[in-house]
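Next come two complexes, and both contain chain A; in the first it sits with chain B, in the second with chain C.
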Partner chain A sequence: MPILEVKNLSVAFTQYTTGFKQKSHQVISDLNVTLEAGKILAVVGASGSGKSLLAHAILGVLPTNAKVSGSMTYVGEELTHARKIALRGKEIALVPQSVNYLDPLMKVGKQVRTSVRTGDPKEAQKNVFERYHLKPEVEGMYPFELSGGMARRTLLSTAIVSGAKVIIADEPTPGLDPTVMKEALGNFRELADSGCAVMLITHDIDSALSIADEIAVFYAGTTVEIAPVTDFTGKGEALRHPYSKALWRALPQNDFIPIKGSQPHSSALPPGCLFEPRCPWATSDCRKGRPEMRELRDGTVRCIHAT
Partner chain B sequence: MSTVMAGRQQIISLIGNGVTKGVFKMIKKLGFFLLMKGIRMATLLVAICFISFLLIKNSPIDPIQAYIGADMLNVGPEQRAKIAAYWGLDQPVGVQFLNWGSAILSGDLGTSMIYRRPVADIIGERFVNSLALMLTAWALSGIIGFILGVVAAMKKGTWIDRIIKGYCYTLASTPTFWMGLLVLIVFAVWLKWFPVGMGVPAGVLAEDVTLLDRIKHLILPAITLSILGVANVALHTRQKMIDVLQSEYVLFARARGERGFVLFWRHGLRNVALPAITLQFAAFSELFGGAVLAEQVFSYPGLGQATVEAGVRGDVPLLLGIVIFSTLFVFIGNLIADLIYKVLDPRMRGGEHYAFYSRRKK
Partner chain C sequence: MQLEARDIGFRYGNGAWLFRGVNLTVKPGEIVGIVGPSGQGKTTFARILAGFEEPIEGTVTLDGFSVQNKGYYPVQLVFQHPEKAINPRWKMHKSLHEGWKPDQALLDTFGIEREWLTRWPGELSGGELQRFCVLRALGPETRFLIADEMTTMLDAITQAQIWHAVLEISRKRNMGIVVISHEAKLIERLCDRVIELV
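Up next is the complex of A and B:
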């Protein structure tokens, strides 16, 4: 049974433009992901495709002007906002995207200690710092004093000490040097192997491939494909969606062919398939409506022509 | 010499090298900061003195008339010339400025023409009265304003927020003297709770005036000043608190399960209090300006009232003395504001690290 399931999630922001006119931006449309205990789901996609918003939506910390629809379940039961408030920091933990998510005026040791839910906070913080090779003096530092790598490990520490079963990690690797990065990725694998469900948001397909079980490809605020990690081989023949194939082939170690065009902005989404303006397979049917997510071979895809 | 060095070395190794180095560095930095501020203040004072001296010299104020007051009619041109010579007013403006300037440097602010007493004494006496008034108003408006601002921000968009905001915007555009009159009419004239004005009861010997009397006379002007001072602090705190509530670190704190009062206590308070306290110290100039008007309305014998009298009756030495003193007062307020940031904000303590942090933030 999936531990966390996100079904048909849509997020829109209402913004007031000149003359009290309201404008709505659909930033996430009809998004589906599933997290399972012991598994790592990597979420890859271009900047602005809605990865962080998905993470914030799961934790119920979207800004107040966000309109959310769709449903989520946690261990089979509906995950209401009240339940999110009760569970976050305890069973579901976030590893945020940057050091700015730490309080600039509080020592980082204290920030880690306040995340501890059971046992002695001091003890737990010391242990986790030791585990991530953070020297004892780091606990007395303020966020601005941390190097990029120290900041990442501190952020990760807050999630670890909470003892949460679901870890949502938003780009935990940029700025780390290769050895530290490998270690950080290894930590996520360890967490998953110990029974946690991990969602690893990343720009970096390579690192995703090295540890994930499944990969969800995001495009313009939705999932276009969710595939087992083993499908990312060769020329991408096993992949289902034209965008995932193109993304895969754009990697330097593959054909290194960039995808033409750019991701549509949330204020100007195409009426039919979101990828249609850039799709080599597009037909007039693709403009008629948003394709549904459907099962295909061992994964799911959002494309009417995928085989 | 070498024993001193050895002693210092020992102390350093005793306390721990890293910490000591940090503390020394901080003290050095602070010393440099204070030195720069001192130079800045000296330049500012010279400029202010020069400008106000020129302004007064070129204004219609006739210092001789101020000295003589109502007896003007009985004074002939000869006597006028004598008085002018006595005050040094017959010399060229440049010489007058230098005379005045060097007297000030030796600590002599001159003699007030209307009070016939040393300017320094009068300023000292009046300032004590004003200080009681300003401190009360300052603390009251700071605390009440901060609380109102925080509450409005936490309840943003609700009726509480709208009431607080409406109150602040109304007050921000209310003239002090008008508010003073209103308070006077309601609490002193109608309700008769407090005396109508002055610093002490009328017709009572100075030694018979009790502290309670003084406090009673202080309350209305202090309330007037704080009612108005609240608006600024509250609006600023509200905006800052809203920013903090929308910040990424509050989002993350909520994601870790914090909420309500704990969230405010851990992350809201310290991030909002620092700028609010700084603002309070930096607002010394408005406080002084407000006091001038409030004291006038309540005939409260403070420095503000002396300023108005000196201006209206052309008491040049007193006026110049007050200009210098108020410049110092406002400057010190700003200096304290800066120091608070330097000492309390870890990002400022760390200097070069901060540049790295703010660069990465973009």
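Up next is the complex of A and C:
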């Protein structure tokens, strides 16, 4: 059952450069994702492709100068800005990419306790700290006293105790040792198995494969493919979009061979397919307009030539 | 030129030792990986190698000589966050040309487009900025590069592009590299040998 649906989301920023010239940045274009109860959707893709901005759009924390269009629904009802604010941290929780999201002036034990909504906050906080190997004295520390890894575990704890139905985790694992990382990933799986919908944004495709059900691949502010995890194997033959294939093959455990060029800048997007300038399959038809997302085998793809 | 760290020990103030008795020798053209649990001081060790931090115990030498404060330091460090390494009030050409002036062929190797040079850092993505940080560190006098989680925040294609460019330079100039990364598969792919910081 879909819990959260994002439809045709577009986000743009207007930037004033010298001499009052305006420059428009189209950072997300026509993006669709669906989060389902009991499922983990991993989001991977190019750096700067809009992954964090999607998370911020869902939570209603985009900067005020962002121009947003499209619609979102939460359990079938429209997710308005007011509703986002009401649900934030309660029904929908964020594990942010930057550890700067911790309140610098509040002891971390207290920060975690204020997120607990049912049961004894003290008890819940102690349990979750134990689970993440945060020693009892960490409770009384301020964020600046934590190492990067400890701060991440604190952020994770906050989301876990909230009892939220939708968890959006933005790069929750860099800086964690393999053991703690495995445990954190296991917790996301448990949360999903207990009925939550989880969106896991990560550069670590291996981690994503170990726990996710589906993977969404982002490029230049939109999804180019959504595929079951089992398609990420071999030389990427089962993948649908040429960018997904290229991303998969560039991994150090695969060919480690990159395609040329870089993602188009948000102020100068190509008129047709956003991948066209780098695509080995491109034809003149690809320049005629943005391909629609279409179903193909067990997934979806935004490419007119994919088979 | 050979980079040698002998019996290095470090701690902050009177705290516990982060590490002690660490030895590392890097020969020209050699690529050595450093792994270890988080919080163990890998970044601190990288800063010591690059001359940003004095070790409490031990010495860092180049061909047997200590090399503090002698102009351009032949050991250059690139770390995880390019946005913290670039002056936000300078256009990109100024940041890039601060130390030396790479030619067009090198810009091409690193996939840096001419037009990016006229932009402000805030107008480039993390991956684009990191290409500048790496190229800036690779002046003609650089003999060793210390890469501390250099491509951790980048996607796999950008990561592979940057590493291929760096490896090409390492081969041409016989430059040694120290790679610090949590990503075991990257270390395995790049390094001739690996040491563990414990």
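Criterion: the second predicted complex is superposed on the first by the 306 of 307 C-alpha atoms of A that agree within 3 Å, B and C clash if a C-alpha of one lies under 4 Å from a C-alpha of the other, contacts with A are read in each partner's own complex, and residues count from 1 in each chain.
Here is the rule we go by: a residue touches a chain if its C-beta (ideal position, glycine included) is under 8 Å from a C-beta of that chain, and two chains touch if they have at least 3 such contacts.
Quick caveat: nothing in here was measured; it's all calculated off a predicted structure.
Visitor: After superposition on the shared chain, which partner residues are touched by A:D103: those of chain B (first), chain C (second), both, or neither?
Guide: first
Visitor: Could you tell me if A:G272 is touching chain B, chain C, both of them or neither one (first, second, both, neither)?
Guide: The answer is neither, since A:G272 touches no partner chain.
Visitor: Going by the contact rule set out at the top, does A:A246 touch chain B (first), chain C (second), both, or neither?
Guide: After superposition on chain A, A:A246 lies in contact with chain C alone.
Visitor: Does chain B (first) or chain C (second) touch A:F144, or do both, or does neither?
Guide: Touch partner of A:F144: chain B, not chain C.
Visitor: Just to be sure I read the superposition right, which of the two partners does A:G299 touch: chain B = first, chain C = second, or both, or neither?
Guide: In the superposition, A:G299 touches no partner, neither chain B nor chain C.
Visitor: Common interface residues of chain A with chain B and chain C?
Guide: 148
Visitor: Please output the residues of chain A touching chain B within their complex, sorted ascending.
Guide: Of all residues in chain A, those touching chain B are 56, 59, 61, 63, 85, 88-90, 93-94, 96, 98-106, 114-115, 117, 142-145, 148, 158, 162.
Visitor: Would you mind writing out the residues of chain B in touch with chain A in their complex?
Guide: Contacts found on chain B: 246-249, 251-259, 266-267, 270-271, 274, 345-347, 350, 353-354, 356-357, 360-361.
Visitor: Could you list, by residue number, the parts of chain C that touch chain A in their complex?
Guide: 37-39, 111, 113, 123-128, 152-161, 163-164, 182-183, 185-186, 188-190
Visitor: How about chain A: which of its residues touch chain C in the complex?
Guide: For chain A paired with chain C, touching residues are 44-49, 147-150, 171, 174-178, 203-206, 246-248, 250-253, 256-263, 265, 267.
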